[in-house]
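Here subunit A shows up in two complexes: once beside subunit B, once beside subunit C.
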Partner chain A sequence: MPVNLPDPVREPPGRPHDVERHWNEMTRRKRLYSVLGLVLLVACVIASLRFANETNAGKFFERLPYFFDFFRDLVPRDGWEIARALFDLPSPYDNGSFEYNYPEGRHYVWSSFYIPEYMFKMIETLNIALFSTVIAALAALCLSFLAARNMMPNPWIRNGVRRFLEILRAFPEVVVAGFFLAILSLGPLPAIAAVSLHTVGALGKLFYEVIENADMKADEGLRATGARWIERVRFGVLPQILPNLMSYVLLRLEINVRASTIIGAVGGGGIGELLRLSISQNHEAKTLAIVFLLLVTIIGVDQLSASLRRRLADERAFHPA
Partner chain B sequence: MTGQPTGFHAVRNGDLPMFQLKNVTCRFGHKRAVDGVSLEIPKGQMVGVIGRSGAGKSTLLRMLNRLAPVSAGEIRYGDRNIGTLAGSGLRDWQRDCAMIFQQFNLVPRLDVLTNVLLGRLNGRSALMNVLGLFSREERLEAISSLERLGIDRSALQPAGTLSGGQQQRVAIARALMQRPQVLLADEPIASLDPLNARIVMDALKDINRRDGITVIVNLHTLDTARQYCQRIIGMADGRVVFDGAAEHLDSLAVRTIYGTDEALDEGMTSTAITLSKPVAGPGPLPPASPVPEPIFLAGL
Partner chain C sequence: MSAVPALSALEELAERHSDTLRIAANRARRLPLLLCGLFVYLVASWWFFSIGSILAAANWPIAGTYLASWVSYEIRPEFRIAPDGAMTLSYGRGPLGKDPKPDWVRLETAVRSPEKPAAAAAARTTAPAATPAKTSSFNFMSPDAAPMAGDAAPAAPQEKVETVITRAAVMLSGAASLAITPSQVDVKNGDEVVSIRLADGRAEPIGSLPGWAEQKRAGEKIVLSFGLAGWAEVSGDRISVRNRFFGWANFLFDTQSPFFGKPYSEVWRLVLSGDRIDPSRSNLALAWNNICYNAEWQHLDVWTKLLQTIVMAFAGTLFAALLAFPLAFLAARTITASRVLNQGTKRLFDFLRSVDMFIWALFFTRAFGPGPLAGMAAIFFTDTGTLGKLFSEALENIDDRQREGVRSLGASPLSVQRYGILPQVLPVFASQTLYFWESNTRSATIIGAVGAGGIGLKLWEAIRTNSNWANVAYMVLLLLLVVFIFDSLSNALRSRLIGRVNA
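Here is the complex of A and B:
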């Protein structure tokens, strides 16, 4: 018997020993499962990579050099062409074709003041995103209270609303947009409809999860005063969760700016439509101008939304004493 | 405890409405949180409910306000059958039977004044409520009930920034805005320091004596129950095991309630502040001026 072990008499009889033994067993088992899981994962990845390469008949590396042809075709005749395309200035290469007709896209506001075509279309895309986000957030707010377990005890209504939200977010915006384009024809309206519907589904789910995590003490207090359901929503839950909801709405706005650009490319108006046209017609200066404008706008929107959300997070950190 | 009849089981003439509980039971799954409780509580009484954690005190109070369901038995208040109320009838009852909580249950982000005004939601149009539009009279009433509790200075702060004792007083002010006939208090001083506990209990006593509002309060400190309540109800395992005046609560009764074999040292549960001069009863609140301060009103 080793002498340097702690004196067992000093410990409560039996207990720590058992606990340590159990802990060791549990840890061993957890480690074993982790290693087995990792081995399985690596095997799956290798097998699927092999499968993919075989189905592609090994063309991946053959075709790879042509990938950069696209970028070679995008080089404009001179660097200033991008700026001219962006601000609708006359081009020295103007030969009457559509490639250099930048000034024709000008949107005159008054006398000689005009908004360049691409910026005008970018604003249209932003408008589509903003409008559909606001409309969808309001609809999602109404529906989310009907879908939250703590605010809607009736399981029929709750599950009905949840399924409805699932259906709304099940289809990607582009698919819904294609459907609405067939009904409403080209323009921003089908884009708004498609983005809004998907956003209602996506935000509705996030919203009702926030509501379900809300602290219900204030609501209980209001229930005890004999407040109606709508008053409990307004005073018991809403003040508490509003910063969280706003944060999700801003995040969704970022996503929707991209989504409405893409929908534009399939005929939903805005900058996306022009981008698709200029790429398909090999108008390199126009393409680069639009890509540049898109990058700046999206970075700008993301930064703005991030700073707003940070401010909301500070407010959310407000905790009652 | 002056000015109250000692024979509290007897119903005095004109004392209706009052509580009548017959075999009241509340089940959560298989567990009977409250098990066959029968009681009568006349109007204007101050009742303390004591018992161990999980004895059903909280559930009993929540059933009276219908935050907990009545599984079996009957609760009557006057001619109202509380257990079967629904819709606006239930909300009207909840207005008449105000409740305050251990964790205060205020809206922390809203200012104190709005929190107090929320006591008046019942009986107003839902649209006006949702828009947060309250009349000047209602604001004045809210301010004067804050004044009565000595916290009108904090009226424009967010309720969440107040100390626990102040928040509990805001909760009482909100309860007063309901113009209730009954005030239920579920462990109102369990999260408070001794001084604030005293202020809150004094306020409850004052409401009971001056306004004649029936007060039923859950307590976990025996000496507080003795000091403030004319009648004490002891609960164990969902049943009433003691019901009588504070002076009848002897060590045998205490042992029945708390299920201990040896006598309980009451000083152990006590958090009260012993003042140098003997406390004859709860001290009166600072006299509230009947008219709110004009300077304060100018800003509203």
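Here is the complex of A and C:
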């Protein structure tokens, strides 16, 4: 077979080192690019750090000594104070100030049984996350079938729904929360609106990608029997994608627990706001109690969701779609 | 018959494999049960959050106004009627400056001395803004449709006199207009006309009010809404009108600027070849300065804050990746043999990740004061945990043969890592870092709002005033643009990195 391409192995015997020279050249060029990239990166980092330091309220090296003071100030008067703050038990240091007024936040359910304030607020935050995830997942499910190529042949509707989901996803949650805060006044609803709108965008995209990857043989069979669109969705596509969707919903729930805490801090109620207040007022026992509660909750939700997702994956492996 | 034995055979079969059938029955019952549970949960949450009552109590009409203010602005002429019947007009702190004389407000003035009642002196009709032919209300970003002060009020012929308004006509965009005299206001909206008598500080409608006019109690203020064109409030001694225009007012120059109100062509001419307005610097420098320090839009401040957010995400993610990189080698069970070290590092990652970015942000805001340092530190701490976890998982999943090959050549432990592992994982690490850089640009906005600086805080402050929605829209647009650019950039870089892995 005639070879027209220049082949380094078949170079004339007078130039034996062409391959090596070429290799060295390439290595040199690669190294040069790497060094240039690194220099650029370092320059960017230095510039960013200087800029950040200059525009910050406190300068880094001025604040550094006080930085550890802040953590020292976080140590409560005794270890039991954290438990007292957590369970709303009366404190021996109570002097009428807001720092030690733990029992005042109790939520009495009946007679003398109460839910401690922080736990109640934590439940509220968790419920904001769960509720938003559920309604957003339902909405995303409806929208994702309209955005999937294999279920929606009309490109106008499909692309319209996709753009809509993109906007929902990219829109800053703070703005949605703030806007609904202005209309609905303080409460959990602005946080629900913000979290669920963002979740519709995020889940919708994941969902339609799953739908597009579904096996269409079942759908074909249904279409052959003259099934309507909704029947094809229900019996052809939904059974095979449902475990996958559930797993995405659980992942999103983990994210939303964190998101609803943050949105709570900017005015949507829940535990986030309490944490912001107690940190800014230097209430060390309260702060530590809330941080502890949050840490336990977040780890718990993560573990629960991970184990549920494992079970879903097992189920899928056992009953292949 | 043959059917009977077949049935019994089936029953026998069911008897033998009862487990299988039971699972199927359970699975069939699961979906309806799940749906019932979901329904109960949704109803319970509806009650828990008292959603119904909150939605009912919400101020929905104002939601439309707020949404409209994202892309429009209001000009607010306000007429005050003194007890002796003298009317005065003011524009408050509007986007047109102190004395705009817009062409949609026509005034009839009279000169009088304060002792005598009005109307005796020579009444003089002025259409104050006869100069501009343009009547378009769609002046996007440019106030050039708004006329500048033409000839001023007629020179007072003698001392001790004042000019008062005897009649005013306000034409709103659309078909609405108001004809105002000190004793009566005639409001025309489309074909309908409402007359309101003003006497003794009370506003009394003549006849019944249509649907677009509302009066809570007799004699008090009447609110007239004209949809997107604006609205007006009429009370006994005051008529305030809100005329809504599409666009962002004074986007480049505010009312203090010498370039304010000039058409673009003239601004361009002044910047390129005009005489210096401020002798100490060129017109270009002056214009740029005026844009940067625009009092309403605060461009320079917004850009600085946006840069802070970008810097927060960039430096925070980069440092997190740099710290997570060596730690991941300690955490990976396939690389470091010590079980204690593996578990210790992994638990550290879990801790950093689970104490949420938000909690770190609050801590560091307290420690460093509000600003990008706090946000950067928060992103750094959280992402050290997240990236460390991802990196160590990647390290545990690598192909071991390459490492064995390098080791079999008698390479030192460090060389084994360098040539046996790094080439496999480095593109993956870089791609994960880029992904987090991009997603942190979004997160930095939210933690900014709790005090960690950047555009988030500025955005939140603008939202909380409830009146700067156009500024909110501007910042959201900038943010979306930045997120879009970083999204594409990180996607492009990542696909190149992953491409090199496949090659």
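In this section, the second predicted complex is superposed on the first by the 250 of 321 C-alpha atoms of A that agree within 3 Å, B and C clash if a C-alpha of one lies under 4 Å from a C-alpha of the other, contacts with A are read in each partner's own complex, and residues count from 1 in each chain.
Please note the rule applied: contacts are C-beta pairs under 8 Å (C-beta built on N, C-alpha and C of every residue); 3 or more make two chains touch, one makes a residue touch a chain.
The model shown is predicted, which means the values in this text are computed figures rather than measured ones.
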_Comparing the two partners subunit B and subunit C, which touches a greater set of residues in subunit A_ = C
_So in the superposed three-chain picture, is A:R234 touching just subunit B, just subunit C, both, or none of them (first/second/both/neither)?_
first
*Could you say whether A:F179 touches subunit B, subunit C, both of them, or neither, answering first, second, both or neither?*
second
*Return first, second, both or neither, reflecting whether A:F98 touches subunit B, subunit C, both chains, or no partner chain.*
neither
*For A:K217, decide between first (touching subunit B), second (touching subunit C), both and neither.*
first
*First (subunit B), second (subunit C), both or neither touched by A:G226*: first
*Of the partners subunit B and subunit C, which touch A:W23 in the superposed model: first, second, both, neither?*
neither
_One more residue to check, A:I135. First (subunit B), second (subunit C), both or neither?_
second
*Using the touch rule from the top, collect the residues of subunit C that touch subunit A in their complex.*
38, 41-42, 45, 48-49, 51, 54-55, 57-60, 62-63, 66, 304, 307-308, 311-312, 314-315, 318, 350, 354-359, 362-363, 366-374, 376, 442, 445-447, 449-450, 453, 456, 459-460, 463-464, 466, 472, 476, 479-480, 483-484
_subunit A-facing residues of subunit B, complex_ = 65, 67, 90-95, 98-99, 101, 103-110, 118-119, 121-122, 126, 129-130, 132, 158-164, 167, 171, 174-175, 178
*What does subunit A use to touch subunit B in their complex?*
217-218, 220-228, 230-231, 234-236, 239-240, 318-321
*For the complex, which residues does subunit A have touching subunit C?*
41, 44-45, 48-49, 51-53, 55-58, 60, 63, 66-67, 70, 127-128, 130-131, 134-135, 170-175, 178-179, 181-185, 187-189, 192, 258-259, 261-263, 265-266, 272, 275-276, 279-280, 291, 294-295, 298-299, 302
